[in-house]
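Same chain, two partners: subunit A is paired with subunit B first, then with subunit C.
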Partner chain A sequence: MFAAGVFEDIFTAILQGTPPGAVYALIAVGFVLTYKTSGVFNLAFGAQAYVSAAMYFKLRVEDEWHIVPALVISVFVLAPAIGLILERFIFRHLRTASAVSKLVIAIGLTVALPALFDLISGFEAVAGLTPVGIIENGDSVFYDPFGLYAFSRDELMQMIVALGAVLGLGLMFRFTSLGLSMRAVVESPRLTELAGVPADRVSAFAWALSSTFAGMAGVLIAPQFNTLIAPDFFNLVVIAIAAAAIGRLVSLPWAFVGGLGMGIFIALFKTFLPRWTDDYAWLDIIEDNLTPAMPFVILFAVLVFWPGIRHAREGTDPLAGVDPPPPAPIASERSAGLTMATRVFGVVFFSFILSLMFFQADAFWIFLVTQAVIYSTIYLSITVMTGLAGQISLCQGAFAAIGGFTVFQMFDRFEMNVLLAAVLGAFIAAVVGALVSLPVLRLGGIWLAIATLAFAYFFDAVVVKFSWVGGGNTSLLQGTRVPRPTLGPFDFSNDKTFFALAVIVFVVVSFFVVQLREGTFGAQLKALRGSETAAESIGISPAKSRIIAFAVSAFIAGLGGAMLSIHQENVNYATNFVPLAALFWLLLVVSLSSRTVDGALQAGAAFSLFDPLILRGELFAWILRSPDRLPSFFPISGKWRFVLFGLTSVQFAKHPEGMLEYGKRKSNARIDAWLVRRRGTGDDDDPELTDSKSDAPVEETTS
Partner chain B sequence: MLGRKRLSVLGLLAVFALVGAACGDDDSGDGGGDETTTSAADSSETTAAEGDAFPTIEGVPGVSDDEIAFSVVGIKEGNPLGTCILDCYVDGIQAFFDYQNEQGGVFGRDLVIGEVLDDELANNQARSVEIIANDNSFGVFQATLIASGWGDLDDAGIPTFVWNIHAAESAGREAIFGNVASLCIDCLGRALPYEAQSIGATKVAALGYGISENSKVCAQSSYKAFEKYGPEIGAEAAYLNDQMEFGLPGGVATEVSAMIDAEVDFVTSCMDLNAMKTLAQEFDRQGYIDKVTLHHPNSYNHGFVAENAALFEGDFVSPGFIPYEADGEGTDLALVLERFEASGIELTEHAMVGWINAREAFDAISGAGEEFDQQSAIDALNSETSYSAGGLIPSIDWTTQHEPQSADGGGGPALECSAAVIIVDGVFETFASPETPWNCWDNSNRDWTEPEQIATP
Partner chain C sequence: MSALLEVEDITKTFSGITALDNVSLNVDSGERVGLIGPNGAGKTTLFNCVLGQLNPDEGAVRLGGEELVQKSVSRRVKAGIGRTFQRIELFSDTSVREHLLIAERVRNGTGSFLKDLTGRGRPRKEEIERCDYVLELLGLRDLATEPIEKLSLGKGRLVEVGRALMTEPSLLLLDEPSSGLDRDETSALAETLRSVQAEAGFAILLVEHDVELVVSFTERCYVLDFGTVISKGSTAEVMADPVVRKAYLGTAPVEESQP
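For the complex of A and B:
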């Protein structure tokens, strides 16, 4: 197995793995820096890096500025400015928010920042215009210190900065009062202030520093890519999380070593595995299936098996166990009269919509509204997972895809009725959901979210390729086509009939979710969210409850995914279910309302209808009574959707019940107060009728 | 941005379709001797001759007494490749329409683009359904990375003319007409072995992305082609890697080292143009760039190769149509170049595809006769057994070639043709002679033979 020169090959692989390892290290160090100085699990690190890289590219390549001013503007002006803005307007108010809330906001910023930059600056990737580094001829001048593998100037600069950052930042945290202050502000801003340290200023400096580092990392990493697009940066961040996680997000040296180690391990793996497969055929399956997904396999393995992570929850989120339970949905608190009025309005409104759909709408609107209803069904899976169980799952797209692919496979192989196949797909998704939940149950919080993200990427890179999932050669030549079903006298190939079916499925699932929420299981999940220890003391099993929550959530996502595939008559995996899609789903649902059925419904409507109604101006054209009267700025760029929903998620920490539920709570209080005043029997002490209730933070409105 | 992010990443997956498509066998139609290439000028004279005597047509979407309106759907915002697709494609369509309208249009009507829709990568189906619902387009042009709406347009019976990089979405669709026929991703072609033979290559590598079935099968097929034809040309299939990471984020150092160890001197790739640059840079870093020649599936981009002239020197690129660099005798190429120059249109892949698709639309209507409708136009083009869009593409037998050719060559066209170009000092030159740019092989016998060089297959 070991041929002559094997040690030379090992050394060469180590050298070859060092440049990508340095990239991972650079990001991991920056990630740890942000976490240490802000307490935020900053998935938006990649977005911040992208903005500076794009700015540098624009100045240096498109506008042909000299290196120094381009670097100063993009890294030392723009990047810290972004950090200061984020700190001042968002994170300063969230110091005591839960880690999960901060994670959701970071995801929102991941969505919003690059789109906002692109829109403001007019930046677009252009093929052939390649990012350049911060040294002249950085990608074409090489140094070969060992005579085995040459490093480019750009790569050497990445290594130097990564190593320098570890040393410099390490010294700062260990030996300077500023470093100590930054860590103290994260631990307890009030105590820090009592000690005379200006917490706001320290926090602002910390954000400026970490953002500058993100900017520098972005500019240094950019030459890795031949076109500059934000997803590449996000993907690198996901990979680098494994390195950062090795040091529990607090150790800069471990993050550095972890990053380098990942790069080198992957290089060794790719060097030797093909040779070993010649001798050991059973390794073929690993080579064939795991090679492209290796970074995500490592991430998942680190999260599940690394001892520091398994016990990290207590260390990183000390208040997690004493969060008050969330308030009851406002629908359960309002007066009987208002409830009746709301229901009447709801019936009238939805009757109107349904009559529009059946008697007025053309094929385009039927298509979009049906899609909205189906997405709402999928989003009910987030209602269960996040709204009820209080956990963040970023692999709902994978569960939905399982439903879609099951329908495709069952029809393609056995010509099974697609509705039956949809139910089967939902059950398979539930089983997979339960299995996925087993190794990650004990993680909780942000680590659970990241583990599910790793699974989503693994599903994307490995599982979809299996012919018994994605179709293999069959899908290559024929796609993953799915027919519309017939059921007795009902032919669902008709768009309106299928719309009716989608509505029925949504109503049934909604009823199920409401029953779940109001029943014993819902109460158990509420108890677990309040205090896991207390819940255990009264006989509630956290593991069992979370497995059930995962399975139920996956079942709903799978059913919705199957319905979506039937609706579109194709699984359309790349359009519908890729990992980043699920991130946006989560943002939509938690921004609006993650705990109610109408939250899911509105999120579905927003996903499908925001683009035509708002961005393309259909609503305004209807108001103006002619498309010709639309202002010339229509259609508006689709990027605004991501700016809007990304930034809306910022409200999550203040209103974790969602903007919709918060708005309803305020409206409810105002209406009740108005009714009371109208009757002349106002009683300001009535807790149900005061405005103060609606304005109070959710944590203080525990029913 | 996640929209862009999400869409972009989805798009990256879709790019594999592009890669796979470009890797597909450039099989052509029968190229039979009775094929008559009609120039756009000739046909326009025929169709415009009777002026306004043409009958009024009612009830056909997009058709009035003065105009025939088309919609265009393509990718612009969120294009992960950064290449000019929708705008360049529209340029090509408009150039043909302008030309044809100057000749009198078709049956007394001008050809016009009614609406241009950016599908933003993930909204192709929604845009297609919108066009169906609007019911004001005679036909649709599509240049997109995710073709989720083609099936709806086909089901609605709308003639749809496309940049055909999507084997699955076009297969068996009678109303979908590509700039090339239905693709055969897993066919074992002779064009690549011939390129390798021409430079005296002895060891060959094939590369593809693991995450894409298209790209993966393309790499496997290329490798098998060398296993089959290698002994005939003195080249050996030496290295296969169909598990490359998309975008090559971790670099390709180990893969390039393995290829160098295997003494590879010809690399055929099923990866996008950006990855080809990364690959060439790594060969350069390891001091091997002068000893290896690359075959690019998607790099027919003049600016891109000019920018990277040193890296790509001597490499092969396969456009799916007659290269701009050919003489084009007996084809519409001179007309295309003249019209593009007059309109200030850059010579891009998608401008040419736009022109070809527009020409297909015109020919479909012309063939249907003056009382045309959508179905008769579809039927007219589907009756063509040797269609070459004015000699710009290898002939397509539309009576059979909506179905992909089988991997062994059965059921496909009579000829397998390729019009590769070579990169010399940052510019393209035809691989075969400029007068006869197509290298073609007889498909009735899949054994190795030297190709026949043809001007208009």
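For the complex of A and C:
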């Protein structure tokens, strides 16, 4: 009798997991399709799904359109249009770029697309207005074919449409000529090197098709959510990645099976975990949170334990045909005179800001500038990870949170000195960083990035909830409070004193980062960034260097996170450190300058000050000397930040040193050239920049 | 005296393809040995197995009597193996001197991390001088501050050689150093290699398609075909071996290649 009950439950869970599983499968298949045809690891699928879902919601619920036109516009017009635009204007030009730089661009789009859609369409998520499905009475009419689980009409539609779409794809692969070319590309990239595959058409079509799948999936899954917000859809794409990873990101059938399996697996977990928790109380906390974390756990496990994935080479665009050329550099030398001049300018400028802070600024501005400095400290962790080591980590937010929570816990339990606790937090973060990197070290590149993403979500969904981390239920009421420290005669509850402390921490950390960059370790990382094979051949151990880079980077993030919590006198995990916030940090740093300390400082300033200073118009009001003269389009929506920095990350593939750094080098070269001309020395080299593709004479030749 | 490098019965397969099949090979100290064979014969694979970038399925690799197979690439480099690459591998965004300097500092840099933090990790004068000395030997002195992206392929190959030399190898593996070079550049390269070798006294194992270079440069030579050694001996003997002529020089023209 007992056994019969269990089987019934299993069967019920399978039925229950199939509808969401079908939607995951739809995204996973689309995901593999783009990855295989263009080498783009398209994290922005979630954003695309969101845009279609929001469009549908707007037309159907807000404007009360009929189902069919609303569906056509949002899924069959808007979704493929976005795919085509992305392909035509961005990814087609990046065929030869590295997988990592394409990933950064996809992250940029993840952040930019939802914000852009909201701004253009004036869409705002309204709590209480629930998304609806693509059939009348979708959530109120049920069918129960087996007498075990009642499918809603929405769920039936999810299954029918998703299965139908995938089936359609299979038929198209078999019977149409474009489908056949596409299949050739997907199944055997080598074939595409032969003539006869219309590369542009295939990749455009693949993008349009997979984007339609994403849009469809977004509309289908939307009724599950109470409110329509973009992060929920990002989770969706992570589930799809986990599903696709089961097929090593290359197999369409396995991606489909993986998607379905993921849905069923989650349902099984939901059914059975509560029973185990009766016996094991410590599972309680996991029960509440493991379901959302399940995809990330699976993803991490797949990356770590799946033997095949270690051998899977990173995808470059199979349609590219050639090996990636070395990234175009721009002359980085500048004359001593110019260096001196910029240094002097920098010192004068910062002294000016500092004196302004101490003698003029009010509490509001002191708060913001202090926050900017602390964020700059956190961003130095990205300087180390991405700028120096050339790796993408998407869990810097978790590292920073570890710093913050350590301070909170140490004070809460032991009343430890907060500054001491901050250093302790940094060390703990460093250890965690090293541990996270350990199992995935051999992977590198996008795999490492995805593993860190999985870890960030796991941290978010599970680790934070433990009372020895996030404080559990008590902190729900009281917050995770942290006091300002005192140190001898200095009382840092004074904002100006604390500002000074923040500046000192930043300066010290910058000093060490520069030492590392200029030292042997920096040289090793630079070599690894340039060519891992060659770096190994002169005795550099990639794994060891990466562990150190991870630990150092996590240390800095942890320290910065602790400082941020002390500054705000609260950890404020949900606003400061969630995974999506960390994605935005990365974009800021790489689109400004990921290799220099100034880059981190500018990114910190952009994060903290861009909104009040530029968007809300404070700066212009100050220039115009009156807020009344401000043009009426102020204040500008803060969402423009996401659009701006999300879209500037597009240039990452061409200028991995960052937009600002690129501009700086360019103007340095110009000024130098001008100085040379003024002095009239005729023997200078061509001051033209060396950033065009054509002068990369080091070419591959086969004998 | 036992050989410097001993490769003993190495076998390596890639999902069905046997790239190396029971290959054995020796190189003595200070010797110049050639390794030739048609495309896809397994020459580069052999290099990868010697330096540890690939692990052979079976067999042993010894350097100066010391077993290498379980060791990491970086340990093998420290043990004295340097190499260059058939598909040139340079560090992007660095100058010529920086290339050598990185190698030099990796060689010196024990316990580097703490030194770095305390500011004692910057290039020292002796290190820069040593780089410049090697640059001088290779005739690259004038190009020291050039970004490597601006170099011609021939100079790029020299930079690779220089970088390998900085690790003070007792054995240098050169993978088709002349590919992509014209006749004059090739003979200049051979000349340079010979004089540097006379200076430093390391052994060279040379993979090369340019038969003239092999004949003029090496003393002994091995021939690989489909992963097996089909001939070995003094270079002159090997070149006269009819088996070699048939497999290598005879039927298939040298230039035809799979990528």
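Heads up, the rule we're going with is that the second predicted complex is superposed on the first by the 604 of 703 C-alpha atoms of A that agree within 3 Å, B and C clash if a C-alpha of one lies under 4 Å from a C-alpha of the other, contacts with A are read in each partner's own complex, and residues count from 1 in each chain.
Just so it is clear, a residue touches a chain if its C-beta (ideal position, glycine included) is under 8 Å from a C-beta of that chain, and two chains touch if they have at least 3 such contacts.
All values derive from a computational prediction rather than experimental measurement.
Trainee: Which partner does A:142 contact after superposing on A: first (subunit B), second (subunit C), both, neither?
Mentor: first
Trainee: According to the stated criteria, A:164 is in contact with first (subunit B), second (subunit C), both, or neither; which is it?
Mentor: A:164 contacts neither subunit B nor subunit C.
Trainee: After the superposition on A, what does A:515 contact: first (subunit B), second (subunit C), both or neither?
Mentor: After superposing on A, A:515 lies in contact with subunit C but is clear of subunit B.
Trainee: Of the two partners subunit B and subunit C, which one touches more residues belonging to subunit A?
Mentor: B
Trainee: Name the contact category of A:5: first (subunit B only), second (subunit C only), both, or neither.
Mentor: Neither partner.
Trainee: Mind listing the subunit A positions that touch subunit C in their complex?
Mentor: That would be residues 323, 326-329, 331-333, 512, 515-516, 518-524, 526-527, 529-531, 533-541, 548, 690, 695-703 of subunit A.
Trainee: Taking the complex as given, what residues does subunit C use to touch subunit A?
Mentor: Counting only subunit C, the residues touching subunit A are 39, 51, 53, 72-74, 77-78, 82-83, 85-94, 98, 101-103, 105-109, 112-113, 115-122, 145, 147-153, 156, 160, 163-164, 166-167, 176, 179-180, 209, 254-255, 257, 259.
Trainee: So in the complex, the part of subunit A that touches subunit B is made up of which residues?
Mentor: 12-13, 16-17, 19-20, 47, 110-116, 118, 124-130, 139-140, 142, 149-150, 152, 224-227, 229-232, 234-236, 239, 263, 266-267, 270-271, 274, 287-288, 291-292, 295, 362-365, 367-368, 460-461, 465, 470-473, 475-481, 568-570, 572-575, 578-581, 583-584, 587, 611-612, 637-639, 641-643, 646
Trainee: Can you list the subunit B residues touching subunit A in their complex?
Mentor: 1-6, 8-14, 20, 77-83, 120, 122-126, 129-130, 132-134, 146, 148, 151-152, 167-169, 171-172, 185-186, 209-211, 213-214, 216-217, 243-247, 249-251, 253-255, 257-258, 273-275, 277-278, 281, 284-287, 301, 303-304, 307-308, 404
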